[in-house]
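So, here's a batch of structures to check.
Two complexes come next, and they have one chain in common, chain A, joined by chain B in the first and chain C in the second.
Then we have the complex of A and B:
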């Protein structure tokens, strides 16, 4: 008899806990939804900015090649010998163009940074909400998966992964641009290739996958 | 207690600092998602962030080693299991500031990157991480120029771990390169050197001056020595010496191996060489550095004509590179070789290899200290006497001695009783091992012979000859003190002459087996070669090897066939005459080659009268007395020898081995028939009387004949030899010696 009573009490307690954790779970789900919505928008922005960076990088490589060619040619031995300061003028023009491209790239980097920060802030916010409710939402609840709603643990993990991806990408791209040296033309010329090599399509895909996985969850009220 | 199996990390989790646990374990440890945990594993510690496993399975652990202590690095986690006790939750704070050291990829990054760039970079990398003091954060997975971040100090300092947020300020202390960091990480494992103290000290001095006090030398206007060439036979510990000295000086070591340098493409070898020098000079920019070229003779042989152009190019490249080292660059080149003669002479001049350090085969003292060092970790029983062992191991180098100790320990394990737990190494194990381990300097020697040891008792008669031999070979080893006291030196050479078959060779064998010294025996077959000059070279090499493992006995049997006489005018420039001149030179030439130098003068600082001092004195005498090679020659045609060879100082002890007289013959017969069952009527005295002019060999033959005759006459079942068979076989034999012959021997040196 006592055992039965105990069981009833425990069941009741669990019910109470469930009742208690319901609002907490709801607010947590809302925070996650907000984060995923923000991630969806930011992903679009990130991809479009990266696409715009491509041509800029191409022109940077072109300019480097032109500078190299200019370095190699001996103007006095060509018909253009009459223009005495032609080489310097050309170099100045090209360097000016390089500066313009780099400026534009810096702008793009700024927008990439804002994307990174926005994602980072959203993820931090989601984690903060989890921390607040961590006492009421126990681990078992966090690990419950449903057909339309992934578990909280999974969603937090995906968010963190996405944030990590943007941070790593930004860091490596910024490091590449900052390591550029104006007098090392060969290095400058190979920059577009190295820029391309920095992309990690599989991790980019995993961000898209995440958004697909949570699409039902995001659409739910 | 539940144990968890450690699995390798999922690729997706790399660099996230996550550790994947089963949800049940997380609940029991009171962990939430993303709360920091501390894992103690295989000697190190690791900081992680707890996450439930995707499949929610229990009993497995996966963790990212992004933030660990230094000692956890490079440990294989395969087949490892941990208990829940090794994982604990920790409480953390947000950090106000953190001070770090940064390890970057290469020296270029260190030079060219601005500090603000590295600061931003490091701050960005650390954000969101859980760190603790003295931990290492591995950021190599980001593939930027920063490889590692060493956490030095946290603020607030009372916490043992904390989270780095965007508000945490990051201070960067030192920036160093990966190579330098790895060098520092290598534990200073103590390499113990025995017997090389003086060489070690002089090498350390050479290294210390330019490496640690470059300013002082510049003030004096000195250019520092840049190169040291180590010369010594294989196995004396050249490579180990360099490693030890480098470790003590605290320099980084770049090792160049000849075979690695040489490439198949034209120009590849030079390129490799340039790369090694570049690496050394890069390392030298951060701290003292030593470029060690082992077996330098393989990449820098003597340049010859046009036959080996690629080889010559490598040599030229090495010379140019060595000249190119600026005096401001703090690196020293050490080359090691055992064939200094094959090196290009241009290499051995000041400015390239300024100094040459010669490490000889260890002397008695050095062997003792090597044995002391080697056995310091062995459990020895009390009866092990290293002085005696050092005396026995003439010609052993360090590598041989370590092989000896290993073999002795192995003997102790194999022979030791199974039940006794404590294996102690006994003197008898060492003696057993001594039979198996031969000195390596004798391994390639032509004169090394394997013979059955013979004791003095096995030779009948010839008592005074035995005494003379003992005086000249055994006494200097056994009583060096007495020899020194009376100002005696041991004879340089001994000539045994006498009629054939009178046990000359057997006498030398007995002398060699009674004294523990290296015994080399050569005959004409070993020495003569169809090439001009080859025989002389072989003989000189033989002497060199014999000197390396002095005290040693060099036995030249039938010396009259090896050496000619210069007075013999038939062939004034024959091989024999040239051999003679080589031998005379080796016996008492002006001096030794520089490379054969062994040990240096020692200073004694012990108090007189102590037991150790007396032991040391004894060893000193031993060394002084027995530093030479002794020649023992045997011939039965002493008249054919050159007179220069027979003067004092060369073969100064000339011993006549006479044909056995009556008593000697009796003794010989007794020894020969010791294992034969004789009938009671056999009278050996009578036989001895009847065998006038019989040599030892004849007498042995007589006994054999008699035994054979017994089997022939009686039956195969004959059990003893009768006297009549001796008589019968005696009748059929004639003595091999003649009176006239013996007279000639007797009066050879007296007339």
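Then we have the complex of A and C:
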């Protein structure tokens, strides 16, 4: 008899908790949706900017190769001997072209930085909403999931992973560009390869997977 | 109305639309057009030069077998055929590049004519100034001699660049060193003798003559 009473009390208490957490749950879901929509947008921007960096990296490697070739050729012993200042002039022009490419890359890095910041801000915002309602949304609710709605805990974790991915990628690429020495031609020549090697496709895929997992949730009202 | 009134200042203003000023203004526009054409030709030439170097580098091993055919009188017919096919493509590309060089040389000869016409105008100006006393600038600030200097600087850079291109066209298909071939290519594309100052000269010429808004 006591046990039955206890069960009724617990069930009632649960109902009350559920009633209390409903608006909290709603606003948390809204915040998560906003974050995922923003993530989706920013992923597109990130990928297109990164794609534009490819040709720039290509021309950087190409210019390094041309500078190396110029370095390796003794102009006075070639048919170009009568152009005494050719080596310096061409070197200057090539370095100017390197500067132009680096400037363009710096612009691209600014775009990448803004993606990183936007994703970071959105994820922080989602976590803030969660913290506001942490008292009303209990652990069971956080872990509950339906066919089309992943659990809050999972979604927060995925957001955090995505944010970490962009943060790490941005820093690595920025560091690579900052460490460039235009006078070190071999260094310059290997830059496109090192840039390529920075890509972590499995983490990029996990961002896409996340977006697929939450696609029904994002479209739900 | 003002053109009819006598006096030096009135005649100076009149110059702004006719006479020497008109001539200099037209010359500046011609310079601009010639240089645009030059740039287009340079881009086309660069593509062709790239093709030549690629053909040349990919042809290198074939050429060795060609030489073997000649030396030992052995019949590696197929190689010889592909070799000669590649050779005719190479020849075709080389003559295309030569045609571009000829067009560029034609542009430079037009530039020379423009420069000598500018020189003539400047001499005329000097002569008139001697007779009529001091006259102000033809447009904004430049004295007539400044036009001559700017134009001769421009002409000098394009002449030197043309000379460089002549050497490149002559040698590009005959070099076996990949490094040197690459240097030829970057010379063609980046035009080391057309530096910032030639661009600056052209732009200031256009600005002074009123083709570019102040």
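Here is the rule we use: the second predicted complex is superposed on the first by the 217 of 221 C-alpha atoms of A that agree within 3 Å, B and C clash if a C-alpha of one lies under 4 Å from a C-alpha of the other, contacts with A are read in each partner's own complex, and residues count from 1 in each chain.
To be clear about the criterion, a contact is a pair of C-beta atoms (placed from the backbone, for glycine too) under 8 Å apart; a residue touches a chain by one contact, two chains touch by 3 or more.
Fair warning: this is a prediction, and the values are worked out from it, not measured in the lab.
Applying the stated contact rule after C-alpha superposition, one finds that A:144 touches neither chain B nor chain C. After overlaying the two complexes on the shared chain, residue contacts for A:134 are found with chain B alone; chain C is out of touch.
More residues of chain A lie in touch with B than with the remaining chain of the pair chain B and chain C. Contacts of A:97 after superposition on the shared chain: chain C is touched, whereas chain B is not.
By the touch criterion stated above, A:72 is placed in contact with chain C alone, chain B being left untouched. Look at A:80: by the touch rule set out above, it reaches chain C but stays clear of chain B. Interface of chain A with chain B (complex): residues 127, 130-131, 134, 138-140, 142-143, 152-154, 156-157, 160-161, 164, 167-168, 171-172, 175, 178-179, 181, 206.
For chain C in complex with chain A, the touching residues are 160, 163-164, 167, 170-171, 177-180, 182-183, 185-187, 190-193, 195.
Chain A meets chain C in the complex at residues 65-66, 68-70, 72-73, 75, 78-80, 82-83, 86, 89-90, 92-94, 97. By the touch criterion stated above, chain B contacts chain A in their complex at residues 12, 15-16, 23, 26-27, 32-34, 51-52, 54, 56, 112-113, 117, 121, 124-125, 127, 142-145.
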